[in-house]
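Structure first, commentary second.
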Amino acid sequence: MTTVLTQPSADSDVVIGTHTLKSRLIVGTGKYATFEQMQECLKISGADVITVAVRRERLVDADGRNILDFIDLDQYTILPNTAGCFTAEDAVRVAKLGREILRGLENPGADWVKLEVLGDTKTLLPDPVATIEACRQLVDDGFQVLCYTSDDPITARRLKEAGATSVMPAGSPIGSGQGILNPNNVRICMEYLKEDDPDYPVIVDAGVGTASDVAFAMELGCDGVLLNTAIASAANPHLMADAMRQACICGRQASLAGRIPKKLYATASSPIDGTITNGN
Amino acid sequence: MTTVLTQPSADSDVVIGTHTLKSRLIVGTGKYATFEQMQECLKISGADVITVAVRRERLVDADGRNILDFIDLDQYTILPNTAGCFTAEDAVRVAKLGREILRGLENPGADWVKLEVLGDTKTLLPDPVATIEACRQLVDDGFQVLCYTSDDPITARRLKEAGATSVMPAGSPIGSGQGILNPNNVRICMEYLKEDDPDYPVIVDAGVGTASDVAFAMELGCDGVLLNTAIASAANPHLMADAMRQACICGRQASLAGRIPKKLYATASSPIDGTITNGN
Amino acid sequence: MTTVLTQPSADSDVVIGTHTLKSRLIVGTGKYATFEQMQECLKISGADVITVAVRRERLVDADGRNILDFIDLDQYTILPNTAGCFTAEDAVRVAKLGREILRGLENPGADWVKLEVLGDTKTLLPDPVATIEACRQLVDDGFQVLCYTSDDPITARRLKEAGATSVMPAGSPIGSGQGILNPNNVRICMEYLKEDDPDYPVIVDAGVGTASDVAFAMELGCDGVLLNTAIASAANPHLMADAMRQACICGRQASLAGRIPKKLYATASSPIDGTITNGN
Amino acid sequence: MTTVLTQPSADSDVVIGTHTLKSRLIVGTGKYATFEQMQECLKISGADVITVAVRRERLVDADGRNILDFIDLDQYTILPNTAGCFTAEDAVRVAKLGREILRGLENPGADWVKLEVLGDTKTLLPDPVATIEACRQLVDDGFQVLCYTSDDPITARRLKEAGATSVMPAGSPIGSGQGILNPNNVRICMEYLKEDDPDYPVIVDAGVGTASDVAFAMELGCDGVLLNTAIASAANPHLMADAMRQACICGRQASLAGRIPKKLYATASSPIDGTITNGN
């Protein structure tokens, strides 16, 4: 406690499997106007883990340039992801491709993967059955699997049972910018995933649109936030990257600091409960 | 733009009457366990304006110690406030007392006041009629008046018409920790107050409970946030002070950065609108 | 209780001053495509009180037809309103005009008025100071005054102190269709207005868009709902009128029936409270 | 349209597989204080389909009385449900038991089942994988399957692909009384399920707490609502049963009537969208 009092910014690192992260913000690499803009925003975000889609068509741009050539592989741990995969088989294949590439590059990210198995091209919502199946196969194959999933608590639980190193519920659909639509589902996910295992990492992945969304996710007690579009598609990505960096830190701090309860007014005798009682 | 790109933290100062603030966070001095704890939290918050209740019974603690002796008057601009006043007359009297005290202390805060005229001891909600009346009198007397008020847009407008230097709508009742309960009223307040006068300062005062509330207030386009209980009554006030400091910065940045629109899903053809249409 | 059990639709009448209403839904007469459509919708709504704007330009249509000729004055009690007034003086004048007209028509609504003093033509939000002033004058003049106001609890209290027969907080701006944006303010309004006076009538006036909004208002413990645009501007006003009629009844019943508490899940040990606690 | 105008209460029946329902409200039979109370509430609710848990321990009470002896089987179509099942196998077994019982009783409900496969005794949330598997098996065995599921749109889609006659997303956890926590997920479920198939029945099952929740579900465009606890555990179940009956009707009407758009205020130029724009 003394440490915290004199150094308010101090916080424990977050541990995801064998990886230890200083920053609780993980950022993606898609949708930037240029690779140069991406490089700058990655740096500003303060992230030490960067997620990269490893399907060939996503790795290489129209001019044949490989995105990995624009990321400082000595500085960042790459978290390869299976974006663009719609079946367990495809996701497993792409995960292995990612491992191969990162081994070749001697990046420490070779041993983990962000698993996305999507159900639909329109909404980019995850497919629960295929995600659980792919998670099992990848765990069997030695991967540390970070699973993108809906906010459904039972699916979250099944993924942990399947061996997932981290479960990453969506706040709302990818790129939708709606933030966390159902905080109560995220709360139940954490009750499940952290029961008798308080350090199990839960990361909100997808849907955040702005800084307050990130802070709110952290205040719910999540261990981190993963985002991409909210920075890359902001009018000023550089400025939003800095906003997101700080939002993640301050939301974490607020979570640790123990906020005041919500009351109808300050002298109300009890915190607000959800009951709408008979007004008569 | 170039400046912003290379220095994402850069932002214009906020101007409130003759005062120029570097920090957009204004913090109060009540409810701390000790004056020492208050001192530390003020420093951590990064605020350069500190609001102090100048009624005698609030200025001096049980041991006869004066709160102003524990605030570095060379470093901070004091914003005297009329907390504890329930009539226009009392508020005007207390405002003048504050001016006298601060003149004696040669603090630049002698020329302004945070006007609070409360309607009720239980809820600490502001009294609109008495606030408008007190505002008029204080403006006539040469004060720069920052008016605490409800989120009612017409009252906000009347206060500006009465000469208020800044209008400060409550997000929710003082100390309630509920954040901004009615963002649409705050939006209308800003439409009114900033019409043909975009630099007119609008500050959310009261109700914020945690970091995401502060960030959200700034994302709405407010110019600053004033808070007290959320820090002073947090389990760890020091840590919460740092959270609030950053929340204010990152919310402001996110506001300037131009967030992505909210959509039902990323490929939806239009941003979410409020219409619940016939499902058939 | 026995009565309720065998006749679930039974409910006490609501008493507003000297008027006793069977229906808790009060409907307006503006914005209909034709007077005939209005007539049909009034009937379907089940209301026994109808509010009519009595400014001359609103009373008579482009063809010189008077709206009152299209309302069965033997069946309905007219609640004259001061829509379109922007000063206390004007509202008082129009209220007196309404009284005169209704006395001439021998309608029982001659002794009351729905007071609207608006602050702005754009938002149609009420002006708190002018409303309180006009209320005082009209009460002095013998009117039973039903005051349209914002959801600000202190203004609500001041209006009751000024002698208002009923206080009618807006759920959201007139015609905005947003429903009740700040239920907590409505809850505090009711705490104030019904303290030691549980039968004091509180009516949500303005902002409702659809049936669930009306039901929700009644579930909060309000005594009635006043609406116009939501029916008159619906694609099918007749059908919406019937929806609103039933929504008002079922919301009232749900309020009396004592709903189940909200919990995170059914076996959770306590109702949901508003505290976002540290997740660790 | 003419029909609707002159008879606002008229509505098409809802068709679920081979069953045609006059009432869009389906009610359960659990948690009542007595069978007699249940009988009365079923009648008041106006439902013509009643769902009954067919596991032996739920069918028979402590005194050995069978719940089916207290339901008028000539009046109601029974919808047997698999409440209390935690595996696909168990659910399939119980569904077959229900069919057998209802065939013996010559009730038309013998050919359908409400499938519940739960993931957890604490939250009673559905298990997506096991639900899809059980749905497939029951469809193969000739059942018309109404699937209780989370609000996850991809799981909803998979259930329809598996042959479900109706998909029934939860508004919130069973018995939680929270209403519809994530309307946007329900909207996407309907986009998926009704695409090129507008009459496919979507029914909100679980979580509703009060009348406005039911109305809101119908306003979203759902075809019906299934509930139990909200009536059975209300302080006055009879009165709540009547509230729910009307809430379902008026919500449906409001959906068909074409509500007004939501705007920041009535004269705002466009409906409210979800974008929080830069306030400067």
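To keep things simple, chains are lettered A, B, C and D as they appear, and every chain counts its residues starting from 1.
Basically, contacts are C-beta pairs under 8 Å (C-beta built on N, C-alpha and C of every residue); 3 or more make two chains touch, one makes a residue touch a chain.
Everything numeric here is computed off the predicted structure, so don't read it as measured data.
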- In contact with chain B as well as chain C, sorted by label, we have A, D
- Task: Using the touch definition up top, find the fewest steps from chain A to chain C.
- Result: 1
- Chain-centre distance (mean CA atoms) for chain B and chain D, in whole Å, is 47
- Message: Taking the mean of the CA coordinates per chain, how far is chain A from chain B in Å?
- Response: 33
- Overlap residues in chain A, where contacts from two or more other chains coincide: 123, 125, 173, 177-178, 184, 188, 210, 219, 256, 258-259, 261-265, 272, 274, 276, 278
- Item | Footprint of chain A on chain D - complex, ascending | 119-120, 123, 125-129, 132, 150, 152-155, 157-158, 172-173, 177-178, 181-182, 184-185, 188, 192, 210, 235, 274, 276
- Query: Which part of chain D faces chain C closely enough to touch in the complex?
  - Reply: 1, 4-5, 8-9, 40, 44, 121-125, 173-178, 209-213, 215-216, 219, 229-230, 233-247, 249-251, 253-254, 256-268, 272
- Item | Residue numbers on chain A that touch chain C, as the complex places them | 184, 187-188, 190, 194, 198, 219-222, 255-256, 258-259, 261-265, 270-280
